[in-house]
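Order as written gives the chain letters A, B, C, D and E; numbering starts at 1 within each chain.
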Amino acid sequence: MSKEKDRQPFISVRDLKKYFCLDNYKLAKAKTRYIHAVDDVSFDIYKGEIFGIIGESGSGKSTIGRCVLKLIDVDSGEIYFDGKNITHVSRKEQQELRSRMQMVFQNPLASFDPKKTIRFSLEESAKVHKIKPEVYKARIKQLMEYIALPEDLLTRYPKDLSGGQLQRLAIARALMLEPDFILADEPVSALDVSVQAQILNLMLDLKEDKGQTILFISHDLNVVRHVCDRIAVVYLGAVMEMGTVEQVYNSVAHPYTQALISAKPKEHPLENKKHILLEGDIPNAVDIPEGCRFAGRCRYFKEGLCDNRTPKLKDIGNGHYVACHFPLGIDRSKTAADM
Amino acid sequence: MKRFRFIIKRLLSMIVIMFLVSFLVFVVLRMSDADPLTVMIGNNQSTPELRQALTEKYHLDYPVHIQYLRWIKGVLSGDFGTDYVDGQDVKGLIMSRLPITFGLVIMSSVIGSVIAVIMGVAAALRKGRPSDAAISGLMLVLSGAPSFLVSILILIFMTKYVPGYSFIGTYTNFGEFLQRITIPSLIMALTFVAMLGRITRSNMINQLQSPYIATAAAKGLKQSNITYKHAFHNAVIPVITVAGYMIAGSIGSTVIVEQVFSLPGIGGLLISAIEENNFPIVQILVLFMLGAYLVMSFVIDILYTVLDPRVDLK
Amino acid sequence: GCFNNTGSGSGSGSSGGNSETVLRVGYTQEPSSFDPADFTIVAATLTGYDCYDTLLNFSHDGTTVEPALAESWEQVDDTTYTYKIRQGVKFSDGNEMTMDDVLYSLNRVTEDNYYMSYLFANVDSFEADNDTWTLTVHLKQPDSSWQYVPATSACTIVEKSVTEEQGDKYGTADGKTVGTGPYKLSSWSSGSEIVLEKNENWWGDPDTLDIDKVEYYVIEDESALALAAKGGQIDFVEGMSNSVMSVYQSCQNFNILSCEGTTSNYIAFNTASKPFDDEWARKAVAYCIDRSQITTTIGGDYAKQSAVVPMSESMMYMDKDKWDSTIAESDVYTQDYDKVKECLAKSKYPDGFEFDFYTTSQTQKQAELLKSMVDASGAITMNLVEVPDSDIFSYMFGYKTKDNGERYYNAVGTYMMSDFLDPMGMLKTLYAGSNACEGGTNETLWTSTEADGLLDKAAQTTDDAEKMGYYTDAYKIFADECPYLGLYTSSDVYAVSDKFTYDPSPMFWYNFSYADVHVAK
Amino acid sequence: MKKGNVLEIKDLSVDFMTVRGIVYAVQGVDLEVKQGEIHGIVGESGCGKSVTSKSVIRLHNEETTRYAGDIYIRDDSGEKDVLAMSKKQLRDFRGSTAAMIFQDPMTSLDPIMKAGEQIAEMLRAKKNLNRREAREKVIEMFEKIGITPAEKRYEQYPFEMSGGMLQRIMIAMALICEPKLLIADEPTTALDVTIQAQILKLIKKLQQESGTSVIFITHNLGVVAEICDSVTVMYAGKAVETASVVDIFDHPAHPYTKALLESNPRESDTEKRMKSIPGSPPLLYEKFKGCAFAPRCKYADDKCRSCVPVTENVSEGHSTACFKWREVTSQ
Amino acid sequence: MKKKNKAGTFFTPVVAVTGIFLAVIVFVSLFASVIAPYDPLATDVNAIYAPAFSEGHIFGTDGLGRDLFSRLICSARTSILNAFLIVAIEVVIGVPLGLICGYYRGPLDSIVMRVWDVISAIPPLLLSFILIAVMGKGMMTGIIAIGISYIPLTTKTARSMIMTEKKAVYVEACKSMGFSDARIIFVHILPNIITPMISQFTLDIGTAITSMATLSFLGLGVQAPNADWGTLLRDGMGNLYNSSALLFIPAICVILVTVSINLFSDGVQNYLDPSSRKLPSFKKYEKKHRIKKLSAVKANGEA
């Protein structure tokens, strides 16, 4: 699989850090507490692939996405987009970036301005980015065909449409500016299973027909597995494991990923599945434990090492990365000694 | 410890605000085109000697900030100075009028809040029924009726139809005191009923619709228990805030009833002081009302931390 | 009901037995202090006056003076008067009055620039003889009106030791008040109530006092006061305005008493600045105004239309016929818009002008009526400027002026009372050039050497007929130049519960005393 | 009531009066829950799952709700008609015979009352325990279901706890009076998979220990497979299919059930593209002339569009409301 | 979705009645100079204190013989205009300031909020008094003073609303599409938060009328010869015994108008917030919409 190495990453994120300040405007700065939403995250996304980020709620998935889109400022680290460092860009450049990167949100109803018609919402970004009316009118026509919705929906208000329709329109809105990159933040979590499929198929279409690059955030293992090419598993703001879908699902290397996959409910009542139950809750992102962040809930926890040293994310072959002192399926004694 | 720190912090900020506002008011008053000297001289013949004497007595030749410092120093040591018009001791003037104002404020806010909460809760529990419409309608009407009009109409009514009703003179004992302030307090209470009642109602309705009430019902608790222990407790917290601010604010609105019912309170004193440009009185009363407001909001904050465990003491 | 028998003042005047007789007085203002130096408002007259005595008293009709603290007096020459001071008079605190106190009280008025000091403008010096208990007054020049001054509040006697010790606090609600009068201050609740009690140390005959206790209530709103009176909580009200008069008139148990006093209502034109430096402009305005309408509408039942020179009939006691004929020939201003045009044509403003008319809330209705009359001329526009009651004097007396020294008002509507019934009390106060200054009472700033000369001559004559001559001559000048336009003179009115009787005196200002209020038989 | 049934719902209709008109939220649902089973209800959002389950304890606002049909429930003292209960009976029945767990534990608990006390309060009202006894019992319960450290948790307020912990509190609250029937309305939807697994395991364990019957509402077919014994599939206010969980997965008889199963992404799917149901579920402002699913159904014909299908038995314990079930099962 | 059965409408009887009444008042005050039978300032000494309903003077006259009806409708213009000015001050300053503070937060927000805290610490009436003490009494001072005392609350409301609204997903969507802040705030957020504030503004018109009337009543607001309702009330109070109509008619008028405004804005509020609307019973609704009755109602055991 050396092919991976030759390809130029389209987006690459290096050592991304984002802390949220808990106490606003404190006079004495002494003991300000931070939420470690994203802590030293690095990954690459290649052109034309769907890259998935999976993790539990509060693990920093959305924050990563937002940083990549430059919707929030990063605290440290670098983001490259199409070979260009966009970590610190001028307002003007940022404006240009906006038209190249678009976003689809979890709750389609909420992502439309309730007081504006769908048409207004679709046209607005084109107008702001100074696209000619005849161009964007034609484009809307095309897109409505593409997402298989009748054009008369355009005159309606968001509340008069169903979730599935709205999510497709949201994708159409994202496509209005013909972006190079789409961030889909849990685009199907708020939808029913019966409509979920429509959206996921549309995502796959985008990749296949248009060669769209997509960052797909989700907490549903099955969905991720279905649409993504490569995925990163995050826990408490850090990447635990990263690789192609096959690598991560079929040769799990990190105990957390393992637990996550095994926590997934059965697919058939008669399936015999043994869950590896994780104890307790995710620790809060304010007081990040020393060493491995997963140590507290890990079955393979080893005192003195796991609670002392933070494991680095490292390649265990063919672009399969893991951040664990004792990756599964590899001789334990050896790896620990490596470090 | 946390609470102690919080209290200290709040107290400090209160003091800062008091100083700032009192300084602002002090300066702003001196920017008005009323000249303290003419106010003091009033109807007396103005001679250079008199002007000189008064200027010296009141230190009017000092820069404003020095004047302010002198004044605030005096206030802090309990000397409120003498007023411009009659040369009376401001402290005495205010002290003799405080009971009425405090009486009005306390009585009206206690009566008003209690009635408001009762009416608000009653209306919320009967939401959509005729009795709710009646109560809410009444509260709306009350909030529409200007209180000075209500005062006048009631005064006319009382003197006409309640023969022994006396609204003049001072009081010599507590009974008389109560009697003087009861009717005016009731009128002031109407404002509370109108405002607080509506807030209570909408809060209560909101709370009654929230999921935890469904939980409480699913637990099989008594309706009264659900209403009062859960919904009411939650609904009353914001009501207390509003009530607190209203109480503090009502020190200023005693003016109207004091005026109409010829009550010797600080509201009337303030109005005449403003009309006469009697700055020493205006200054100290503004400071006083602001202080009352800040103390009240402080009390509310403290109360909040007791009533609502979610409030983080920062 | 729950409001029966209320308040400390409910004991009524006629309740029999040995209970004390209480008079409940209502008024819209509160005196600022009981210091005679501050007796500038009616409220002070209604409260503080009876705590003190003056050297002399006005007779009931106000035309002559009678002994009081001075048992007798004598005019030694044109400029010297001697007064024999009563011995054995005690202050309400029990101390005996001395010549020291007398001298102190008089000098206090001259030295400290008190409100009354203008009455002493002619005084050269006071001299006290402790042995013979005589007070000698040396005047700078002959002044026929001096004879009345000892009966004014300028000659109120205070106790030196107390006054000096109290300083600024003297006479205030939280200070002491000590005098020799028939009543003494018993309690004072600032903002609501003042109680006077009989002074057991009074030098006069205590049996002449029917009233044991006076309760004075401050009810700022006149309508509320009327309500209280109607409800039987007040026995005595002074100076009700026309708008509430009907309440008292409709009250079965109230008698309305009136007495022509010295109060005159008028418009004063500021003759020191445009447009009223032009006499034709003043006359144009004067011709706009229908004084009889104003008298009936604003003054009401107890007002009489005034002549152009503001002076009440009670001050014309000397030679009524001569006054009448003088007024008849000099007072030409009746409403006539043609005349207005004529006057304007003669003035510097043939096309009309605008002016600022200063007024207070008390006289606002009158101002509105005046405005409608003036504006109806079509050429002159009157702008109303309302200033607080407490401020109007600082404008009128020139304490508050524009930066160039000019006064703000073009005209002002106000009223004045005389210190004594002699015409001098009004004419000199209003028209004398010496009063046209800062702090002076001539708010028109109008001066005429001729008129001043006439007034001076009148002051130096003791012969009534000769005096009348000077007065009427001066009067003609005043009427012709029209710096003031008299509107109406109003009587002093009292509403007195039928449990009491009272015989008002035209010199209410200085002559009022609860000693004259009696329980009705 | 059949023997062995804890709950029988017969032809239940629930209508709501709203500002936009009457909502016919549930339109003639039949449902049986046997003693000691976990009965799942699945269906799309808005199909009436919650309304049906809340009706079992009559939790809807009585003023704007109209019920028709019957709800019978059996407890130690015999059969009871829920819809005929008086307020007092209803109060005694809630919490002790049937208890309920809601989807969002964060808003379902009184925010300003200590978590433990909210449970103790219930004990004191229902079992006449005093403060101390109630507390002891609650703490005992906490320990049993892993709310540790129990003493500390008792004193905590809802906002101080995580979602998973709060859901445990809710479960403790529901089970403390040992009800015959536990209604769990999407208790894990708001939780993460790892926590969901914990809660599911807990519910299963507690159910097995106590023999309580459970109505488990979810829209996640995986969860159904994981914990339910039998399932009712609802669509647009109607129960379209009822069967044992294995039958539902292996022999779906209603086209909707079938489509639902097909559109669920599965590990075993090799095909990337998934099947989806076209269109969207209808609004419930009126009653349907024909089968509500007809507009989205590939088997539908004119009869489906004009006649309301009646419930037919497919096999023992397996029934469906579809004219075409034979066609569906035969494929 | 075929048929939209609305169970509540905007025009409830209360809203209709108060709305029509207010419309009439506004109309009359707008055309006061045409409608008024007399010049409101014209005095007529021959008709002093004419009683109400007397010939030629429907509401009677005052102590200067001025026609009360004409004065009432002309002062209605002043009162209503003033109230609108006050609310305009509040809206034009308060809303944008609140939006900007709430959207950007940061030091500007802290400063503005502290200042407003202090201003709202002074009771509104007192604040007006202080401003009047400084700027001199008069109509404009009154309007500004009352307007200012309303600003803090509006700012805070707008601020807290935008702070909630800012978190809405559509705002983030707007940001992600590169819209300018001004566009986001004024094109998108404002229309979404202004609706609930509108009923507050209508309410404020009512309180503004009362506040201004209070000032005028105390002699600090509108100055003679101009009149607003407060001045009329002040006059009426002074003339209570000569002609009680002078007090009672303006009093009834003020109370009717302010109460109507309250009822009306409550109606607006109810319309905007359907959850507070009163629902018809099932029976009534089905009868009205001819819906066939379903099975028998069975619930409420004790019934």
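As a convention for this text, a contact is a pair of C-beta atoms (placed from the backbone, for glycine too) under 8 Å apart; a residue touches a chain by one contact, two chains touch by 3 or more.
Labels paired with UniProt names: A, D = ABC transporter ATP-binding protein; B, E = ABC transporter permease.
For clarity, every value in this text was computed on a predicted model and none was experimentally measured.
S.K.: Show which chains lie in contact with chain C and also with chain E.
M.R.: Shared contacts of chain C and chain E: B.
S.K.: Count of steps on the shortest touching-chain route from chain B to chain C?
M.R.: 1
S.K.: Which two chains have the most contacts between them?
M.R.: So the chains sharing the most C-beta contacts are B-C.
S.K.: If you average the CA atoms of chain A and of chain E, how far apart do the two points sit, in angstrom?
M.R.: Averaging C-alpha atoms per chain gives centres 50 Å apart.
S.K.: Taking the mean of the CA coordinates per chain, how far is chain B from chain E in Å?
M.R.: Comparing mean C-alpha positions, chain E is 24 Å from chain B.
S.K.: I'd like to verify one number: the distance from the centre of chain C to the centre of chain D, where each centre is the average of its C-alpha atoms, in whole angstrom.
M.R.: That gives a centre separation of 92 Å.
S.K.: Mark out which residues of chain B touch at least two other chains, giving numbers and ranges.
M.R.: In chain B, the residues touching two or more other chains are 128, 156, 259, 277.
S.K.: Of all the residues in chain E, which ones touch at least 2 other chains?
M.R.: 1, 237, 240, 275, 279
S.K.: Residues touching two or more other chains, restricted to chain A: which are they?
M.R.: Not one residue in chain A touches at least two other chains.
S.K.: Can you name every pair of chains that touch?
M.R.: Here the touching pairs of chains are A-D, A-E, B-C, B-D, B-E, C-E, D-E.
S.K.: Any idea which chain D residues touch chain E in the complex?
M.R.: 11, 13, 15, 17-22, 58, 62-70, 83-87, 89-90, 283, 285-286
S.K.: Where on chain E is chain D touching in the complex?
M.R.: By the definition above, chain E touches chain D via 1-8, 274-275, 277, 279-282, 285-286, 289, 291, 294-302.
S.K.: Any idea which chain E residues touch chain B in the complex?
M.R.: For this pair, the touching residues of chain E are 117-118, 121-126, 129-130, 132-136, 206, 210, 213-214, 217-218, 233, 237, 240, 247, 251, 254-255, 258-263, 266, 275-276, 278-279.
S.K.: Going by the contact rule at the top, pick out the chain D residues touching chain A in the complex.
M.R.: My answer: residues 44-45, 162, 164-165, 192-198, 200-201, 219-226, 228, 245-246, 249, 259-260, 263-269, 272-277, 280-281.
S.K.: Could you list, by residue number, the parts of chain B that touch chain C in their complex?
M.R.: Counting only chain B, the residues touching chain C are 35, 38-39, 41-47, 49-50, 82, 85-89, 92-93, 96-97, 155-156, 158-159, 162-170, 172, 176, 179, 259-265, 268-269, 275-277.
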